[in-house]
Amino acid sequence: MTTLPENPVEAPAAVGWWRRNAVWLVLLPVALVVAAGASSFRIWAFWWPNGLHHEIQHVGAGETARHSEEYYDVGFQVPERANTWVQRDVEVEVLSVTRVDELPEPDYGDPVPVPDGAVPYLVSLRLAAVPRTDLALCTIVLLGDDGARYGEKSPDVLGSSNRCLPPDADDPLSTEPEWSITSPILVDEDAVITEVRFGFGGPGYVTFDVP
Amino acid sequence: MKHARNADADLVLRLLHAVADAVVDGMSTTQRVVVGGIAGVFALTPFGAWDAVVVEPEPLVAGEEIEVGPFDLTVVRAVVADELGFVKPLEEGNRLLAVVVEVSNQGEKPAHQGTLVDAIPPPADAGIVPRDTQELLPTVLGVADATSVDVFNPGLPYRMALIWEQDGAWAQDEITVDVAELTWIEEDTTFQLDDQRWFAYGEVLYRGRLAVETGNDQ
Amino acid sequence: MSHSGRRVTWRSTTLLVVAFGAACALVNVMPQGTILEQPFLVDGHVGETLDLDYAELTVTEVRTADTLASSQPAVAAGTFLVIDATWEATEGETYFAGAEVVDSQGRTHWPTSRGGCTEGTGSQPGYAWRTTYCFDVPRDALAGATVRLARGTHVHDDQAGQRRDAVAVVDLGITRQEADELWEATDEIDVDAPGFASATTNADEEGEG
């Protein structure tokens, strides 16, 4: 038997439950976050890469934006890029967003009528990128004041599946260092267009204000 | 204490006997019968009491309706032809074997074409060769219009042809057709795949010899 | 000496077991499938435009046919319930995967892609898109049938794809007497390819010309 150095009655009574479990109480929210993260793989595996979810840059009317993003190349167009992450840098400027009366003549097939309740818009862009940049899945979206995203579908209303390249392009690879395109989009006749979004299927996109 | 091993064993035996006596004394007649039965089954272990029960498939007769999974199913006939609808043999010299069935989904929900395919495995003695895949999956066509019916809605009589490619050298006049058991998976706890579906474990419910007709008439 | 509160005691073990039990019971008893995950049903009838939040839907016409004329004609095992509908997405490009007919006995029937019909269709904001669903159904499924259309898929029987999402339930308005008439009729229908809802007449004239 040894003599205790202090009075044994005082010390334990002063430490409450919250103090004794302080470490676990701090770890509890961390554990909850980890548990939620562990069961949320669908968000980053399926939802995040599929659709425009991440605004890379937002520029005012008439300004030039730079869409810089890495994408995973499966090698459809350029076999030497197969199964690698490729950096894609595209410079984009919105030249005009114009409301017109008729849809332009399609390159193939019959003229497409304008359905009731819709009006066609023509979006003209100036694009710049190093030649042989893969522009597949190019997405041009008009954002209406009603919150709707117009023109997400590919191929577009005239059947063009590669909206970022001139109509005579054979494949989705760019050939010139700089070029311009015009893409038709059908919009609700009552909607007012506030923004243009530009991307490649997702997740990154750049936004342009419309004057 | 190790020197007293034999005496210990004897003691244990006597103790067990005493316990067994006490337990049996305290049991009713019914309990004695049940326990005796269980003990009897254990005693028969060396003679195969625990072997899986082998179920002999019941005879499959053309034109007779049987119940398989969600279906009332009638195997109508088997036909060998050079061409059926738009289906042609992929390899020259081969022919097509069609097993024609009448099928009606008795359930509340639609059944997939694959459920019917699962129920009728490729006849083993009919010289069936793979088509575009390694598996011996048949092409399934409606007899009425030669279109591929992908879903069997409840309460409808469908007449379907399951078509396999057959080795051109096969020349017999009968095939053996099996109908496999379909088991309802309410909740897939084994593979964590889709719940509420029919699954064929491979047990053959019905087996029958079917005469093979020749010709192109459906 | 260790403090008594830090030791594994019978009391703390019991508390832990009870807590686990209560949590398991809560998960099992909670009406997850029956209440919390239920889709939001939007009821309507033929000709009415329904607001599903993510889209506007109108079932425009209900017909029956024994045969669907197309490059590969399809013959019904019962009769084809041919349902014309227009979709207009309101948020962005949307695919409408769910389509099933529920009859008065509670049986469900799925659409077919035979005869030029669609099992599912996509649409985007700005204009209405017309499409045709064809359901091969038996005679006793006609009277009192409803069609259930949504963006969430119907394929899984637990309707997981429609959890807490709007689903249109459109009464096809078929009475018992009409059902008999529809069943007796031996019409053949040439299903229009999907297209702009308003451009139907235009396309038809062009097709015939």
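Note that the chains are named A, B and C in the order they appear, and that numbering of residues resets to 1 at the start of each chain.
The definition used in the following text is that contacts are C-beta pairs under 8 Å (C-beta built on N, C-alpha and C of every residue); 3 or more make two chains touch, one makes a residue touch a chain.
Just so it is clear, the structure is predicted and the values come from calculations on it, not from any experiment.
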Item to check | Central chain (distance from its CA mean to the mean of all protein CA atoms) | outcome: C
Item to check | Most distant chain from subunit B by Cα centroid | outcome: A
Next on the checklist: Using mean CA coordinates as chain centres, what's the gap between subunit A and subunit B in Å?
Outcome noted: 50
Next on the checklist: Roughly how far is subunit A from subunit C, centre to centre by C-alpha average, rounded to an integer in Å?
Outcome noted: 30
Next on the checklist: Using Cα averages as centroids, what's the distance between subunit B and subunit C in whole Å?
Outcome noted: 33
Next on the checklist: Which residues of subunit C touch subunit B once you look at their complex with the stated criterion?
Outcome noted: 72-75, 77-78, 106-110, 112-115, 135-138, 140-141, 156-158
Checklist entry - Can you list the residues on subunit A that touch subunit C in the complex? => result 12, 15, 17, 20, 110, 113, 115-118, 141, 144, 146-153, 185-188, 191
Checklist entry - Touching subunit A in the complex: which residues of subunit C? => result 3, 5-6, 89-93, 122, 124-128, 196-199, 202, 206
Checklist outcome for this item: Within their complex, subunit B touches subunit C through residues 108-110, 142, 144-151, 153-158, 194-196
